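The two complexes that follow have chain A in common; it is paired with chain B in the first and with chain C in the second.
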Partner chain A sequence: MTTTIDSATPSATARAELPPRTRSLRQRFRENAWAIWFLLPAGVFLVFSVLVPTVQGAVYAFTDWNGLTADWDFIGFDNFTRMLNDPFASTAVANTLLLTAITFVGQNVIGLGLALALSSQIKGRRFMRVVVFAPAVITPVVIANLWRFILQPEGPFNAALEAVGLGWARQIWLGDPNLVVWSISFVILWQMSGVIMVIYIAGLQNVPDDLLEAAALDGAGAVRRFFAVTLPALKPAFVVSTLLCVIGGLKTFDQVWVLTRGGPGVSSQVLSTAVYQAAFLRGEFAYSTAIALVLAVITIIAAVIQQRVSRPRKDA
Partner chain B sequence: MKRYTWKTGVLQIIMIGVVLVVLIPVYILVNTALKPRGDRSSPMLPTLTPEWGNFPQAWEQAGLGPALLSSIFVTVTTIVLLIAIGSLAAYPLARITASWSPVVYYAFMLGFIVPSILALIPLYSTFRDMGLLAHPLALVILYLGERGSFTIFLYTEFLRAVPREYDEAAGIDGAGRLKTFWHVILPMLRPVTGTVIILNAVFIWNDFYAPLLFLSGSGSQTLPVAMFSFTGTYEVDWTLMFAALIIGSLPMLIAFLAMQKAVFRGYASGLKG
Partner chain C sequence: MRSKNTARRVMLAGVAVAALAMTAGCTSGGGGGGGGDDQTLTILWTQGYSEGLEAVMAEFKKENPDVTFETTYAEGDAYFAAIRTQLQAGTAPDVLHVWPGNGNVGATIPLAQNGSLMDLSDQPWASTLPDSAKPYATYDGKTYSFPTTLSIVGAVYNDEALAASGLAIPETWDQVIQFCKDARDKGTVAYSLGLTSTHESQFVGYALYPQLVQGPQPNLDEEVAAGTTTFNDSGWKDALGKNVEMAEAGCFNDSAQGADMFEASRILSEGESIGMVTIGQYMGIINNPGLTLAPLPGSNDPSESKIAVAPSTSAAVNAKAKNPELAKKFVAFLATPEMNELFECNVADGLGSLPITATDGPGKCDESAFDQAALTYVQEGRTGGFPDQTWPSPDVQMALQLGMQEAVFGGRTVDSVLTDMTNAMLSSAG
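So, the complex of A and B:
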């Protein structure tokens, strides 16, 4: 492979001197032929592990594939109409959107709050950054199991509420269908807000100090300065954190599966747990790819919206 | 906010509260793991006679030894290969201006945006037909595609910000593309390689969904799956379970504490693109 690339190069550099129009298509191809060898290794894995199975999955969503045999028939939109009437799948769609919304808002508010607080003059802020961020590198399976213990009906969380005189606020955090998605979201916020904090801390370094001082001299209060100077400068950080929170939120699996396995009933089912359950516990492979396709479409729509909203700035 | 005022003092108190909200659950984790088996006292009550034997017992019963080896194998193999294939691919993607270049780049970025969950089910049956299920290589192959996109993104964006005069000078000197890559491009990519390693390591080490699908129940399951199946078996024995969870978290936690600055930099710069 080495000789191919090396021998192709001298002629490539020689031709680069010519104006583009005088070069034929073939010449231009030969000039860039080296690129194939550089792209091939990554390309093989992209095609094998991402492109082909994604297309396969999207096709299977419209079939009665059973996961085992190669013979299957197209059944149109049957899998999707079935989802509409299946509380298992429709709850999963609603919960996925709710959980993504809660964690998106929560992580941004908490992350920005922590970033502002830990960029101030308070003592021990280095140590505090490390402590607040540390849970983000720990396996979510560990964190979720820890909180499964803490949030038990007779667990430390309810005991703590009792101890500070908030006994009336005791709840069955993971067993109440109306609360369970909020409890799971809380665990995600506890673990992951530190990541968003780090992104905002980096963003705060782009806030122009002289502008803040000028605003202060002009008599702008702290709140006014925050909204007029700090917040606009944080927009790039907000764009990144939005992408992370939304893509991360939509594919949430670990915390739900460890904390509740989608229960009680189907009340905390999200799309990725529904996919797993349909395929590997019920053996309904085609149906599971249909649910996964819905998740993929929602994710792509979210990514496109995110791009559209963030584009008007100079770069993408 | 440059001086320490009374407002800073209020903030200080609030932040001490936040730190406690993080540390108290960790205290509960460690304290419970040290309790003698069957001890049902409050998890907040400090354990005065810690039962260190819980750790070797959890290590043994949860099969953490083989799981640790499997996790190390998958993470290290994948990252070494990711650096190789990612930096190779980024070189033409960042330098060639032909019309196909952005098209190929966006094809790679698909792996970044389309959730892997849709690909995992057909891939599961492909791996099963190839006899690769239950083999850690299945995970490596998956991650090289899935994380390859992200790695190429980091390398390409970084390289685009480097003036092309550097490597073009080498090209005119008659060095082949591969030589230019090896002697000029690769050394330039060093700073971003740290980010590539950190972000991919945290993802791969902690990933649960794919190893649950591909390796569950096999002898080569990774740490998250081993810990998960152990917590399933020992539903009520929180003591032993927490001991296992602590052992399973230590490698990543130690790595983080040892390289805090690099990790913060990696998250702040890498995710910014």
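So, the complex of A and C:
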């Protein structure tokens, strides 16, 4: 019996059989060079439109650049120490963290609740999923403009409260400094909970039915089954939703700007609106980049914590 | 096999280079950075004055048929962002809308200080600018902008609502407080207010500024900047305190804290309030021709009452204009009395503003009771300016606006607002 050995075959087979680490860097580069060519345009774009401006901005944070002229001087950490004493910026940090906390908890609770409800055998569940998710596809600026009208003191929201006998609950939703951050959070929750719902619906598909059946046979009630079987299985979905909620909350701009411009006063000012105001309404570009840098650091810390907490534990 | 791999690599490299070239093509060109020939004029202007500008552009084109205009409009905060970023990037149009004087990032003086505007001192209109307008159009002895109109801040009354209430326009401060109480007794409200629009919080202060601050202390800003006094020790304390007093007397609509300028304008327009302390630019939004202008009295002597009148939207030329000669020609055209009047008449039908030459007499479209009242005060010299136009940075006005948003209904004290304004003045001057 004659076996014809193709000159390429042994080396290809041998290469395929070798574990990845055994192949040299040069071999791996040659195999994947074509991918690098495809990544090159996007990489160049990323460097010049994201990385270079980010580094430039970080440098300007330590200067007194006014955004117009080429003259500027290094002033060290003056912009950052100014933030500590400036209620405009310090209130923005506090509001950003509060808004993020409210939207993180709210979106997960509401999203999970909706996912559980609309994953049951309830009639019309597919239609309801579309209805709940629909606001998320509309740009936040449009949604915020609608809610700004709805939440006017004489607007439809207060009128509806009055109509159902809850006139005592009427509030100045966007003009009361004690309520305004909660009102803005409500608008964000109304729009974005549908996204989290979809993530949890996908997660619920992976909950093992046999485990649920076994738990039911063992006498576990619905609540026990939820906490013992369903919730642990939803951990991957929780990781994704946490990342979206936290980063989305930290960088919220559109809803705050359209609804209140950070007012009344600075009571709903967040870091992203503070960056915008400092740069474009006050002409303090260097100060605005310092605020932006603080926001970036907070976001990085949040992402690192989230990654660490969601990392699978190694068994002893 | 080797030639097949090589061909494959060449093909893939070609695709990648083509993709890179397409990306580079997307990022180049475009923008508002001037026309490609000397007959294209690029303009950046505010949306609210677009009708005035369009009317003048149409007349200019009749005399210069080869000229093509490329106009970009923006409004409010978007305009500030556009003008600063475009000037910094070198892509700003030839002709720019700027604000007169100082006090905001798009105003004549800070832009001239940074070398962003062209010196227009040699233009024929520069020597004929009214003396009252010159401080707001010049920097370091040179002229940089042409102020097109005068804007007005005062108390505006809905004639029908006033007649229905049976009340009279108050002429003293005590009458203002009584007017507010009487309006409530009659089931209406004296003045509409929409505090969620940031600038709404400054108008009572602005209306009282000529009488209570500028008149008695004309050099206040310099003194505060020098550290020899504070805003707390000035007429501002009285002016802003009166704003709070009005709120305590029930002068404003119950929804004031949650309403915006559009809601406040609607309330006045539909007669749900009798009046509103506001600026002339709102007349287009209020959209009710039956309005009367009067000063908001700051004392019990009617003869001391004044209205605030100041130069408004101004035209300037980009220092790095691609078409400087055509740009200067257009601004000079806009500055002629006929075109200035045409511009003013096409902005809200001329209601709420006056031509820059108002001291000489009314414009063609200033026959409304509102404009006639304003003219009377201008010609009698019973006016003052807008305070922000002489402040060294936007921070002072922002401290006033943001502070009064909370202070009007007792969220913070007037003294704390004035302290913030003083600190902002000191840091800007320093």
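Criterion: the second predicted complex is superposed on the first by the 273 of 316 C-alpha atoms of A that agree within 3 Å, B and C clash if a C-alpha of one lies under 4 Å from a C-alpha of the other, contacts with A are read in each partner's own complex, and residues count from 1 in each chain.
What we mean here is this: a residue touches a chain if its C-beta (ideal position, glycine included) is under 8 Å from a C-beta of that chain, and two chains touch if they have at least 3 such contacts.
Note that the coordinates shown come from a computational prediction; the quantities given were computed from them, not determined experimentally.
Asker: Which partner, chain B or chain C, touches the larger number of chain A residues?
Answerer: B
Asker: Where does A:P41 make contact in the superposed view: on chain B (first), on chain C (second), on both, or on neither?
Answerer: Both partners, chain B and chain C.
Asker: Is A:A292 in contact with chain B, with chain C, with both, or with neither (first, second, both, neither)?
Answerer: The answer is first: A:A292 touches chain B but not chain C.
Asker: For A:L51, decide between first (touching chain B), second (touching chain C), both and neither.
Answerer: So A:L51 only meets chain B here.
Asker: Applying the touch criterion given at the start, work out whether A:L151 contacts chain B, chain C, both or neither, answering first, second, both or neither.
Answerer: second
Asker: Quick check on the superposed pair: does A:L211 touch chain B, chain C, both, or neither? Answer first, second, both or neither.
Answerer: Touch partners of A:L211: none, neither chain B nor chain C.
Asker: Name the contact category of A:G67: first (chain B only), second (chain C only), both, or neither.
Answerer: both
Asker: Quick check for you: in the superposed arrangement, does A:F280 touch first (chain B), second (chain C), both or neither?
Answerer: both
Asker: Looking at A:P264 after the superposition, I want to know if it touches chain B, chain C, both of them or none. Which is it: first, second, both, neither?
Answerer: second
Asker: Which residues form the common part of the chain A surface touched by chain B and by chain C?
Answerer: Shared contact residues on chain A (touching chain B in one complex, chain C in the other): 8, 34, 38, 41, 45, 67-68, 276, 279-280.
Asker: Taking the touch rule as given, give the residues of chain A at its contact with chain C in the complex, in rising order.
Answerer: Residues 8, 33-34, 37-38, 40-41, 44-45, 66-69, 148, 151-154, 172-177, 260-261, 263-267, 276-277, 279-283 of chain A touch chain C in their complex.
Asker: In the complex formed with chain A, which residues of chain C make contact?
Answerer: Per the stated touch rule, the residues are 1, 8-9, 12-13, 15-16, 19-20, 23, 77, 80-81, 84, 87-88, 104-105, 110-111, 114-116, 195-196, 198, 254-260, 263, 393-395, 398, 402-403, 405-406, 411-412.
Asker: Hey, which residues of chain A end up touching chain B in the complex?
Answerer: By the definition above, chain A touches chain B via 1-2, 5-10, 13, 28, 32, 34-35, 38-39, 41-43, 45-54, 56-58, 60, 67-68, 114, 117-118, 120-123, 125, 128-142, 145-147, 149-150, 155-156, 159-160, 190, 195, 198-199, 201-202, 236-237, 240, 244, 247, 250-251, 253-254, 257-258, 271-272, 275-276, 279-280, 285, 288-289, 292-293, 295-296, 299-300, 303.
Asker: What does chain B use to touch chain A in their complex?
Answerer: 1-4, 8, 11-12, 14-15, 18-19, 21-23, 25, 28-29, 32, 42-44, 84-86, 88-89, 91-93, 96, 98, 104, 107-108, 110-111, 113-126, 141-146, 148-149, 152, 171-172, 174-179, 181, 202, 205-206, 208-209, 212-213, 223-224, 227-228, 231, 238, 241-242, 245, 248-249, 252-253, 255-257, 260, 263-264, 267-269, 271-273
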